[in-house]
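In what follows, subunit A forms one complex with subunit B and a second complex with subunit C.
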Partner chain A sequence: MIYTKKSPALVIIGIVMMLWGWLNASGTIDGLQSTLQKSAFSDHTKVNEKFQAELRVATEIAQSEGKPAPEMKKPESKFDHAKALQTKFGYLFGGAFVLIGLFILSWKPSAGNLDYYISTVPGMALILLIAFVVRWGLDPMFGNWGKAVKAAGILSWDFAKIFNLNYVVMGILAGIVIVNVFKIPGWAANGVRTARLFLKTGVILLGTLYSAAELAQLGLLSVVMIGVFVLGSVWLTLLMGRRMKCPNSMTGVLSAGLGVCGVSATVAASPVVQAKSGEIAYTIGTILLWGVGCMFIFPTVGHILGMGPVQFGAWAGTGILNSAQVAGAALAFDPHGIETLKVAEIFNITRVLFLPIIVLWLAAWFVKHEESAVKVNLGEVLVAKFPLFVLGFIAMFALSSTGAFAPAGHYAGKYFSSAEVKESNLLKPKEIRALEAELPKMETPAETTALQGLIANRKIMTREDSQALKSAAKIKGLDELAKGAIANAQKAAKHDSKVIKNFRDWLAWLFSFGLIGLGMQITVASIKQAGGKPLIIGSVVGTLKAVGSLVVVLMFVKEFV
Partner chain B sequence: MAINDLNAEMSAGGEPKGGPKFDRGHPLSIFVRDRNEDLSALLLAFLIAMSGIIFFG
Partner chain C sequence: MLTAKTILLAYHGTEGAKRAEALAYEIISREGGRIVHLLIVPEDVWVGMQGDDWLNNASTRDTYGSYVEGVLEKDAAEQVAVVEAHCKQHGLAYTPILRLGDPADCVIAAAREEKVDLVVIGPPRSKKESGLRSRMELDTLGRGLPVPYVVACGE
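For the complex of A and B:
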C-alpha cells in the first residue's frame, strides 16, 4: 500500500514559512512584532538607548585623545533574539518542507520505508505551521489584550491569564476548530498521528524542571496536607468512576486532573490510561471551568472567614486545581501583598511533585482493572504493559535531583548562587551606607547576621541569609534605598540555569506540537460520547477537596506554618 | 480517512482499525500506540537532554 499522497500543500506550507522568515530578517514586519512582543520591544528600546549613549561617550573620549571612533558591537536584545529565532525557524523548516514537497510531487512512490516516513511529513508541517501561528501570534496577542482590558478598567482581572489563554489551551482549541470546521485533509492524516510521540517526549523532559531537594524545603505540613488531598482526590475519583460505570480511561485521566494540578497532569496521565482525545478535552474543560468558579468564590469565603495570608495561600494552593487559577485567587484575595501568593505557590509546587507517584498508581490501577476479565498476574502484566515513558520522566527527575542540569536545589531551573554574582552587581557604597544605618532596626538575630554579612561582602552569601533578608525587607519604616539594595542583592544572587531554560523552550514546542495534534482528534461527537457522569464526579470531588482543605487549614495551619 | 477513524485508532488500544495503517512490526510503528512509541520518546528526550548539557551546560 502507498501512504504518501501527492499534494502541493507541503510546498505551500514551506513557502509560507520561508516568507515569514524573510519578513522578519528584512525588518518589514517590525511594526507588527513590536505590537505583539511589547515587553521584549521595550527591553529592545532600552538596550538601544544604552548602547547609543555608551557609543557617544566612547566616541567623544576617542576624539579628545585624537584616536579614531571605536567600533562597538550592539548587544542583542530579547526582541532581536525573538526575531532571529523566527527567521531561523522559518528558513530552516520552510526550506526543508519545500524540498521534501517538491520531491513528493516529482516522485513515484513505491511501498516501503521511505513511503512510510515521507507520508508523515506534510501533517507534521501543518501542525508546525499552526504552532508558529499560536506561539508567535495568538499567545502574545491574547496576553496583550488581557493586560489592556485590565488596564482600561473594563475588568478587574486579566482574562487571558485567568482563562489560561496561553499556547497550551490555544493549541488544543486551534486543533479542535480545524478538525470540526475544516476536517483533516487526507495528506495530513498520517502526520497527525505523530502528535502523541512528541507529547510523551515533552512529559519525559518535564522531569528536568523539578528537584527532590525542593520537597525538603517545603516543610512537613504542606507535604502531608497536599499528599492527603492529592491522593484522596485520586482515590475518590477512581472509586466514583468505577461505581458510576465510567470508562476506566475517562476515570483515570479525570482522577489525575482533579488530584494533581490540571492540564499538565491530565496530559501526563492520558497515555498511561489510554485516554481518548475527547476524554482529555473533557477533563481539561472540567478543571478549567471549576477553577474559574473557585477563583471567584475562594477569595470571598476567605474574607468572610477572616483568613490570614498564610491560611488563604494554603487553602487556595490545595483546593484549586489549576496553577494559574491558584495564583489568580491568591492575588484576588491579597492584591497588594506577595505573602498569600508565595504560600499558595509553595503548596502548588508540592502538588506537582506528586505527579510521578500518581502516574505510577494509575498505571497499576489501569492494568489491574482492564485485565480484570481474565485472571492474570498483576506483576507480569505491569512489566509487559507499563508505559516506559513514565520511567523516563522519573529518570529525568532523578537526574535533575542530582544536579545534572542545574544545581540540585533548583525549582524550574532557578537557583541560588553567591559565587556567580557579577562584579557589576555587587552593592554600591551608597547602598552599603543605607544598609548600615538600618542595622538597629533588625528584629531577629538571623536578620542582623544576614544584613551584616551583606554589608561585609556586598552580596548575599547563603540561602539562609537570603531567607532572613526577605523578612528583613518587610520591616516597617525601613529606608527605601535600603529596601532597594536588598532587592538588588536578592536578584543578583538568583540565577537561571541555561540548560533548563533551553529545556523549557523545547518543552513548549513539544507540547505545542503535541497538543495541536491532540486537538485535531477532538470532535464534538467524541465529547458528547463522554456524557455527564465525569462532570458529576468532578463537581463532587472538587467540592469535597475545597471544603475538606478549608477545614484542615482553619484547624491546623496557624500552628504549623 | 475520516478523523473519527483516526481518533478511534489513536485512542484506546491504539490498534489501527481500517484506513491507512502502519504494520506493527514495521519500523514506523513508532507512530502507533506501542512500546516502540515510548522507546522513541525516551530516545528523543534523552538526546535533547544530552545536547542541552553538551551545548549549554
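For the complex of A and C:
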C-alpha cells in the first residue's frame, strides 16, 4: 500500500510560512504586529527611545571631543525578538516543507518505510500552520479584544481571560472545527495521527523539569488522589451498571473509561470485557462530551476559586475523565508557564500506570460475571499495557538530576547568582540609607547578618542571605523603601535559566502541536453517540469525580511545591 | 400494487430494519426475485472509534483495532445469516454487500452497481431506541437514487 498522496498542499503551506517569515523580516507587517503584540511593541518603543537618547548623548560627547560618532548596537526588544522568531520559524519550516513538497510531487513512491514517513509530513505541516496562526494571530487578537471590551465598559470582565481563550484552547477548538466542518484531507490524515507522538515526547521532555523533592511530593499526592478516585469511580460504575441492568460488557468498558483515563482506557479494556461496537461508541461519546466540557469549565472555575498550580493541576488531573483534556485544561489555566502542566502530567502518568491494574480487575470481574468470558494472562496484560513513554520520562528526570542539561538549581526556571548581578541593578545610596535605618528592627542574627551583607555589597551575596531577607521583609513596621530595596535586590539576584526557558518554549510548542492534532480526532459524530444509560451513569460518576476531587483538593492540597 | 424484481434492502437488525425486511418480502415479485442486502458501517462512527486516545502503546491500539474489526465482522455475519435464511424461505436469490462510508452514499452506489428496481429502508430510529446514532440522509437519498425508494414507517 502506498501512503503518500500527491498534492501541492505541502508546497503551498511551505510558501505561506516562508512568506510570513519574509513579511516579518522586511518589516512590511510591523503595523499589524504592533496591533497584535501591544505590550511587546510598547517595550520596543521604550527601548528605541532609550537607545536614540543614548546615541544622541554619545554622539554629542564624541563631537565635543572631536571624535567620530560612535557605533552603538541597538538592544533587541521583545518585539524584535518575537519578529525574529517568527521569521526564523517561517523560513526554517517553510523552506523544509517546500523542498519535501516538491520531492513528493516529483517522486514515484514505492511501498516501504520511506513512503510511510514522507506521508506524515503534509499533515504535520498542516498542524504546525494552525499552531502558528493560533499562537501568533488568534491568541494575541482575542487577548486584545478581551481587554478592549472591558476598557470600553461593554463588559465588566475580560471575556478572553474568563473563558481562557488562549492558544491552547483555540488550538484544540481549531482542530475540532477543521475535522467536523471541512474533514481532514486525505493528504494530511497520516500526519495528523502523529499528534500523540508529539504529546508523548512533550511528557518525556517534561521529565527534565522536576526536582526529586517535587516528584516525590507530587507522586505521593497523585497516588493517593488517583487511587481513591479511580478505584472509587470504577467501583461506582460497576455498581450502577448492575443496578441499571446494563450488559456486563457495557458496564465493564464504561467503568474503565470513566474510572481511569477516558478514551485510552476504553481502547485498552474493550477487548478484555468483549465490548460490542455500539457499547464502545456510547462510552467514547460520553467521555468526549464530558472531557471537552470539563476542559472549558475547569480553568474558569479554577480562576474564580483562586487556585494555584498545584491545586488546579491535582484537580484537573483527577477530575477530568479524559487524559487528553487534562493537559489541555492545565495549559488553558496557565498558558504562559508550565507549573500547572507539570502537576497535571504527574497525575496523568499515575493514571496510566493504574491502567494495567484496572484492566486486570475488570478481566477478573468479567470472568466472574460472564460465562463466555476468556481468561487473560496476567503477565501479558501487564507487559502489553505498560506505558513505555513513562520510562522515557523517568530517564529524562534521571539525566536532568545529574545536571546533564542545566545546573541542578536551574530546574525551576530561575536560579540564584550573586556574581551575575548587573552593575545597574546594585542598590542605590538612598536604598542603602533606608536599609541601615532598619538594621535594629531585625529579629534574628541571620536576618541581621544578611542585611549587613546587603548593605556592604549592595546586592545579596548568598542563597542563605536571600532566605533570611525574605523573612526580614515580612517584619511588621518595616519602612516601605527598605522593603522595596530588599525586593529589588532579590529580583536582581534571580536569573532566568536560558536552557530551561528554551526547554519550556519547546514543550509549549510540542503540547500545542499535540493538542491541535488530538482536537482533529474529536468528531461530533462520536460525541453524538452519547446517550441512554451510559450517559446517565457517566453524568453521575463524572459529576461526583469532578466535585469530589475539587472538595478534597481545596481542603487538603496546599501550594507546597 | 408496487412490485419489483430486485430490491436493495438496507438491514442491520434494528426494529425499523426488520419492518423494512418484511415489507421487501411483500413487495418482491412472486415469480422470483433477488434481495440485495446492504450492510453499512458508517464511516464517521468507525473513524471515531479510537477517539483521541494517545496514551496507549502501538500494540494495544493494534489489538483494539483488530478486536473492533472482528466485532463488526461478527455482527455483519449474524445479519447476513438472518436475511439469507429468510430469503431461502421465500425462495429468493440473495446478494450481501458490506460497505464503509456515509449511509446515503453507500445506498446510492449499491443501487447503481446492482441495478436494483427499488430500495427499501427502515424509518429513522426513535430516540428511545438504543444503537448507533448515524442517520440516513433521506434528502441525499432522494436526490441521488436512480430508482424509487420506500421507507417502512409504522409501529
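The rule we apply is simple: the second predicted complex is superposed on the first by the 281 of 561 C-alpha atoms of A that agree within 3 Å, B and C clash if a C-alpha of one lies under 4 Å from a C-alpha of the other, contacts with A are read in each partner's own complex, and residues count from 1 in each chain.
Everything below uses one rule, namely that a residue touches a chain if its C-beta (ideal position, glycine included) is under 8 Å from a C-beta of that chain, and two chains touch if they have at least 3 such contacts.
Just so it is clear, the structure is predicted and the values come from calculations on it, not from any experiment.
Once the two complexes are laid over each other on the shared chain, residue contacts for A:Tyr3 go to subunit B alone; subunit C is not touched. Of the two partner chains placed around the shared chain by superposition, subunit B is the only one that A:Ile204 touches, whereas subunit C remains out of contact. When both complexes are overlaid on chain A, the residue A:Ile516 reaches neither subunit B nor subunit C. Look at A:Thr266: by the touch rule set out above, it reaches subunit C but stays clear of subunit B. When the shared chain is aligned, subunit B and subunit C each come close enough to touch A:Arg196. In the overlay built on the shared chain, the residue A:Ile358 is in contact with neither subunit B nor subunit C. When the two complexes are overlaid on their common chain A, residue A:Ile287 makes contact with subunit C while staying clear of subunit B. Of the two partner chains placed around the shared chain by superposition, subunit B and subunit C are both touched by A:Ala525. In the overlay built on the shared chain, the residue A:Val499 is in contact with subunit B alone; subunit C does not reach it. The interface of subunit A with subunit B overlaps its interface with subunit C at residues 196, 200, 271, 275-278, 387-388, 521-523, 525-526. Contact residues on subunit A toward subunit C in their complex (touch as defined above): 195-196, 199-200, 261-264, 266-268, 270-271, 275-278, 280-281, 284, 287-288, 322-324, 348, 352, 355, 384-388, 514, 518-519, 521-523, 525-526, 528-529, 531-532. Residues 42, 44-45, 47-57, 59-61, 63-64, 67-68, 71-72, 75, 127, 130-134 of subunit C touch subunit A in their complex. Those residues of subunit B whose C-beta lies close enough to touch subunit A in the complex are 1, 3-4, 6-7, 9-14, 19-20, 22, 26-28, 30-33, 35, 37-42, 44-46, 48-49, 52-53, 55-57. Looking at the complex, you find that subunit A touches subunit B at residues 1, 3, 113, 116-117, 119-120, 179, 183-184, 186, 189-190, 192-194, 196-198, 200-201, 203-205, 208, 247, 249, 271, 274-278, 387-389, 391-392, 396, 399, 404-405, 498-499, 501-503, 506, 520-523, 525-526.
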